[in-house]
Amino acid sequence: MNKLDVTEMIMERKRATGMTWAEISHAIGLSDVFTTSACLGMNSLPRDKADLLVTTLGLPQEAAVVLAEYPTKVFSQAVPTDPLIYRFYEIIGVYGQTLKELIQEKGGDGIMSAIDFDMSVEKVPYEKGDRIEIRMSGKFLPYNRW
Amino acid sequence: MNKLDVTEMIMERKRATGMTWAEISHAIGLSDVFTTSACLGMNSLPRDKADLLVTTLGLPQEAAVVLAEYPTKVFSQAVPTDPLIYRFYEIIGVYGQTLKELIQEKGGDGIMSAIDFDMSVEKVPYEKGDRIEIRMSGKFLPYNRW
Amino acid sequence: MNKLDVTEMIMERKRATGMTWAEISHAIGLSDVFTTSACLGMNSLPRDKADLLVTTLGLPQEAAVVLAEYPTKVFSQAVPTDPLIYRFYEIIGVYGQTLKELIQEKGGDGIMSAIDFDMSVEKVPYEKGDRIEIRMSGKFLPYNRW
Amino acid sequence: MNKLDVTEMIMERKRATGMTWAEISHAIGLSDVFTTSACLGMNSLPRDKADLLVTTLGLPQEAAVVLAEYPTKVFSQAVPTDPLIYRFYEIIGVYGQTLKELIQEKGGDGIMSAIDFDMSVEKVPYEKGDRIEIRMSGKFLPYNRW
Amino acid sequence: MNKLDVTEMIMERKRATGMTWAEISHAIGLSDVFTTSACLGMNSLPRDKADLLVTTLGLPQEAAVVLAEYPTKVFSQAVPTDPLIYRFYEIIGVYGQTLKELIQEKGGDGIMSAIDFDMSVEKVPYEKGDRIEIRMSGKFLPYNRW
Amino acid sequence: MNKLDVTEMIMERKRATGMTWAEISHAIGLSDVFTTSACLGMNSLPRDKADLLVTTLGLPQEAAVVLAEYPTKVFSQAVPTDPLIYRFYEIIGVYGQTLKELIQEKGGDGIMSAIDFDMSVEKVPYEKGDRIEIRMSGKFLPYNRW
Amino acid sequence: MNKLDVTEMIMERKRATGMTWAEISHAIGLSDVFTTSACLGMNSLPRDKADLLVTTLGLPQEAAVVLAEYPTKVFSQAVPTDPLIYRFYEIIGVYGQTLKELIQEKGGDGIMSAIDFDMSVEKVPYEKGDRIEIRMSGKFLPYNRW
Amino acid sequence: MNKLDVTEMIMERKRATGMTWAEISHAIGLSDVFTTSACLGMNSLPRDKADLLVTTLGLPQEAAVVLAEYPTKVFSQAVPTDPLIYRFYEIIGVYGQTLKELIQEKGGDGIMSAIDFDMSVEKVPYEKGDRIEIRMSGKFLPYNRW
Amino acid sequence: MNKLDVTEMIMERKRATGMTWAEISHAIGLSDVFTTSACLGMNSLPRDKADLLVTTLGLPQEAAVVLAEYPTKVFSQAVPTDPLIYRFYEIIGVYGQTLKELIQEKGGDGIMSAIDFDMSVEKVPYEKGDRIEIRMSGKFLPYNRW
Amino acid sequence: MNKLDVTEMIMERKRATGMTWAEISHAIGLSDVFTTSACLGMNSLPRDKADLLVTTLGLPQEAAVVLAEYPTKVFSQAVPTDPLIYRFYEIIGVYGQTLKELIQEKGGDGIMSAIDFDMSVEKVPYEKGDRIEIRMSGKFLPYNRW
């Protein structure tokens, strides 16, 4: 049993039970973004959360061991083709240098961590049409000089 | 004179005057993200804002015409190498499918627009170290079925 | 059962029954382009249409659930090799910058949506030989400035 | 003097005179799509049309020779990055196999020519927002069997 | 049963019977080049020829249906590695621009069709060693101007 | 002065004198295909032919030295984009394996040389429309076994 | 049964019997380089040698048919990653242009054949450490001019 | 002045004086392969040899400094296109795994060094046509286990 | 049974027994880096160490044969995507030219061997947070000049 | 004046003065690795160190401003070709997964920072030949779970 097997089991249980990611993540007491990423095999769960997930969705016990393992993160498409994901890729392409200018203006020579990092996603109603709002937060890491 | 020439002029004037992106954008009444992206040749300014920018930085008048033109957005690195920009690319690679699951759970089959879109960048102090906070907001566009 | 399984079932039933895409799409009351794309796993059907399709072609009931799921659109060939599809790729390569000039001359800085979008395909007889006529229609989206 | 030089001259004259592609193409009696593509170096003009263009925009006479030469069509980005152009690339990726199914259902084993081909672009007002409408027409070419 | 299955069956029957491509194509009354390409899944046979092929090689009847279907032509190696095939790729690389100059000198702005196309291959004895002679013939298609 | 410089000089003299490739190659007593390829920098001319070419077109004497040098053949586009050249690339993609089957059926395990090689291009009138006819001839080289 | 199956069988038999490539090739009376390449599916054996190999290693009789078939040579890694193989790739990268200069200085405009070709590999003891010695020999092929 | 400038100077002097690589390398007392590679910027000369080369060809004194510098070896074509160089690339593709089998059979787990390495190139007359003979010799390096 | 099979067996046994790489490598008397790389199929073990490993983990005896075979090292991602591995790739990208300058300043024209090579990895506690310390050691190999 | 200009100036002054990287870095009181990387445009110097460098090497004062700017780190070769740099790339390819296993065994799910990072390079004499020793140290960053 590996991460891919567990993801398939989760998707089947999710379809069968009709549970949403919101409900699943609420049940284990973690955010929806992190929970979903772990279910998709892109993050590891602490063992107690993995046990909770297994109970919540009725997965075999071995799945908890696998969910707690540290994944090798492989994204096979260097340029994603799904329109929803591509739009984010495009935003990085168009605004990447802008982000660099502004983050380094605010913090000096350094980067935003993608490891000490969290993110949220909301849908917010507006008169002119609903909007998706993404919030990312990562620790500022200054370059070491030695 | 093209977008690239104007960007170089802006960078030289910025260095010479010591103005920050925050000050430049404040002077023309637009956000720092949008203003920076336009100065880097990735967006077009409304003509009146372009005139203001030209006055603010002491650029030649022709630069305003160029700043108001619609750019062809070219990002030559399919996979960016600068560490600051790469981290965002990595976030899309790691969390892209998660974003798809959650946005479509909240809104149905559709995407977040990268055109009817805005973004902000802040540095926020925390006890355990400063954090960079990114906020993105894009209109939710449902897929048409016909 | 996933999108790929359902596409294979549809192609088998289509061959066995001799139904055309025109007939299939007529039976469920949607256009032939959209119906075909959904059968090929590139779009999702509303649940009632998915049920109709299942009845029309004699597919198992679970297929309707799958047809209504939101697909991750993956096109594995960055440059398509099939001659029919390549010709469209070539048209975008040759006329892409022309489309940009003309759409932005007519509408300002913005794009044509590929999401709020529809398309039709017809074969039209002419004296000098039949022609294929494609009509695409997408909402004009102006770039946001903030 | 080559195609690239002539395109740059045309863009400069277009900016200086304020003429639109609609006006330029009207002046030489060809469609806006074809005229623009020839001005961008992606098609050749008949010599008399090239002479007309030179007169219309006040270009040097040698430019007419160059405009009438047969271009080598090079598109350097296998996957275009400008959002407007990318959307068309995406449409081919998402609907390419659909186009193949429907064109071959209507005409048998064959393709739509990209050479004996014409195209138009319009902006059409709608209540829910303006739409861009593209019409492509290409000769149907059946595969030879010998 | 798909094109790939049928190709494998044909190769097995060909090995078992010892028939050559020359004999197979003679038996169904088509050229060896076209027949071979259809057997390899790169072209479709008219149904009556497909029936003849099935009889000739003793294939199951369903194979005739598959042979008559219109293939999606996929060539997975952008640059072929087999030495025999690479030499042709190299010829196009070395002489491609030469072909363009000469075809357009003879016919004006246009191309040679790869659809309304036929080809033959012969081995011809010469004193200094046998030679392979390839003859390609494709309809000249002038670019449309509109 | 290098191959590229000489090609540019030849193209300028060709445009100025109105000579065709047919006339140029006739003047130096070589085929149009080989002459054109040498003028485009893809082959070397024997020194006496180079001298003749220099006289024919009124090039500087040093050009003859350069034309006689052995070129490094570089084709920068792994997949050509010009439609005329792409069609030949497509033919190799579609018929490459077919060529392999037939050449090896006729000659055993071996290849057609692209070095001991010649080619001709003709435009031939037909009732249904002119055709381009390509003839390639290369020495058959059997694989050595040792 | 295909080339890949036969290679796997050979590797298993080789491991089981403890025979070396030197012994296997000696048994069939061909060089170790050619024999190994044929066993790895990159060359075809004459039928009598294939029969000898089958007897030597105790393979099923059908394997001789497969070993005598002409392989399609596919090398899936454009840039090899195994260090031993990469070093040769690197040598070609570093010394390729040097080889071109020297071979063409010695023989005129032409190439070394990779088809009428043989190679040997030896390990030779030296005081400062053993060396690997590769000897390649290929027919010089002058470019045809016509 | 950099390596590229010096290579161009050498090629010009070589053309002007008519000296061959054989003569140049003889004059400085190094092999033709190594001397040529250093002149092409792919290796560094000991300073005394660089001085000799400068004297031999009549180059400016600064060239000796540059010739003695350690080059960064860049080969821009991952897959070379020149036919002479490609044939060697093809040989590595076809025989790479064979070389691995045989070198490791003779020496154990290890590689042939491309650094402690030398090579020679000869043209050898044969009745059936001249042959090019390449000899490579590299130190055998066993993998360290620790 | 091949290297991949053995790696999977090892990972399963490792999970089942709870042994760490530190314990496994200690048991066979080799470093943790080398032992892990051999278990992952990237290096070969001496036969006696392979036997020890088989005993330690309770693997089938045949696994020892496989562990002692010389692997073909294939890394399928030219640019790794896992964040931990990517950071090392990034370090080579950012500091590669620096390493070249300093190694060659210290040793002359040459390289650090990746074959006569060893490496260690430690986690070291620091007040400001634990650090990972990597130590690499490779033999300096001077370029041969001949 | 940009980073590239300054690097070229530094290399010229370095060659003219004969100073080593060791001497230059000693003069400004930073390590040789960091100093070299900043001189090559891959890191930024604190302004006081930049002033010291300018004085040390006799550069124009403006160079100090440029040296203190934050570079966009671009490495154009995804796979480096210089043998010295490639060997490090190869080490990451061969040992990347091993590094992942061991770092995460020691520290849990996390990475080694390439930003809060330092490195040293030494040449160390050994009986069997000098060795290059690299030491890297980076902060361990655990993945955030939220």
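For reference, chains read A, B, C, D, E, F, G, H, I and J in written order, and residue numbers begin at 1 within each chain.
Following the convention adopted for this analysis, a contact is a pair of C-beta atoms (placed from the backbone, for glycine too) under 8 Å apart; a residue touches a chain by one contact, two chains touch by 3 or more.
Remember, it's a predicted structure, so these values are computed and weren't measured experimentally.
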item	value
Mutual neighbours - chains that touch subunit G and subunit J alike	H, I
Farthest chain (mean CA position) relative to subunit B	G
Farthest chain (mean CA position) relative to subunit D	I
Superposing rotation of subunit C relative to subunit F, computed on C-alpha atoms, to nearest 5°	180
Cα-centroid distance, subunit C relative to subunit I, in whole angstrom	48
Centroid spacing, where centroids are CA-atom means, of subunit B and subunit J in whole angstrom	30
Distance between the centres, which are taken as Cα means, of subunit I and subunit B, whole angstrom	42
Whole-Å gap separating subunit G and subunit H, where each centre is the average of the chain's CA atoms	23
Two or more partner chains touched - positions in subunit H	33, 72-73, 75, 78-79, 81-83, 85, 90, 93-94, 97, 100, 104, 110-111, 113-115, 117
Those chain pairs that satisfy the touch definition	A-B, A-C, A-D, A-I, A-J, B-C, B-D, B-I, B-J, C-D, C-E, C-F, D-E, D-F, E-F, E-G, E-H, F-G, F-H, G-H, G-I, G-J, H-I, H-J, I-J
Sites on subunit C touched by subunit A in the complex	65, 72-75, 78, 114-115
Residues on subunit I engaged by subunit A in the complex (per definition of touch)	15, 77, 79, 81-83
Subunit E to subunit F touching residues, read off their complex	20-22, 32-33, 36-37, 40, 42-43, 73, 75, 78-80, 82-85, 87-107, 110-114, 117, 119, 121-124, 128-140
Contact footprint of subunit E on subunit D as seen in their complex	30-31, 33-34, 43-46, 70, 72, 97, 100, 104, 108-111, 113, 115-118, 141-146
Parts of subunit J lying in touch with subunit G, wherever the complex brings them together	79, 81, 83, 86, 90, 93-94
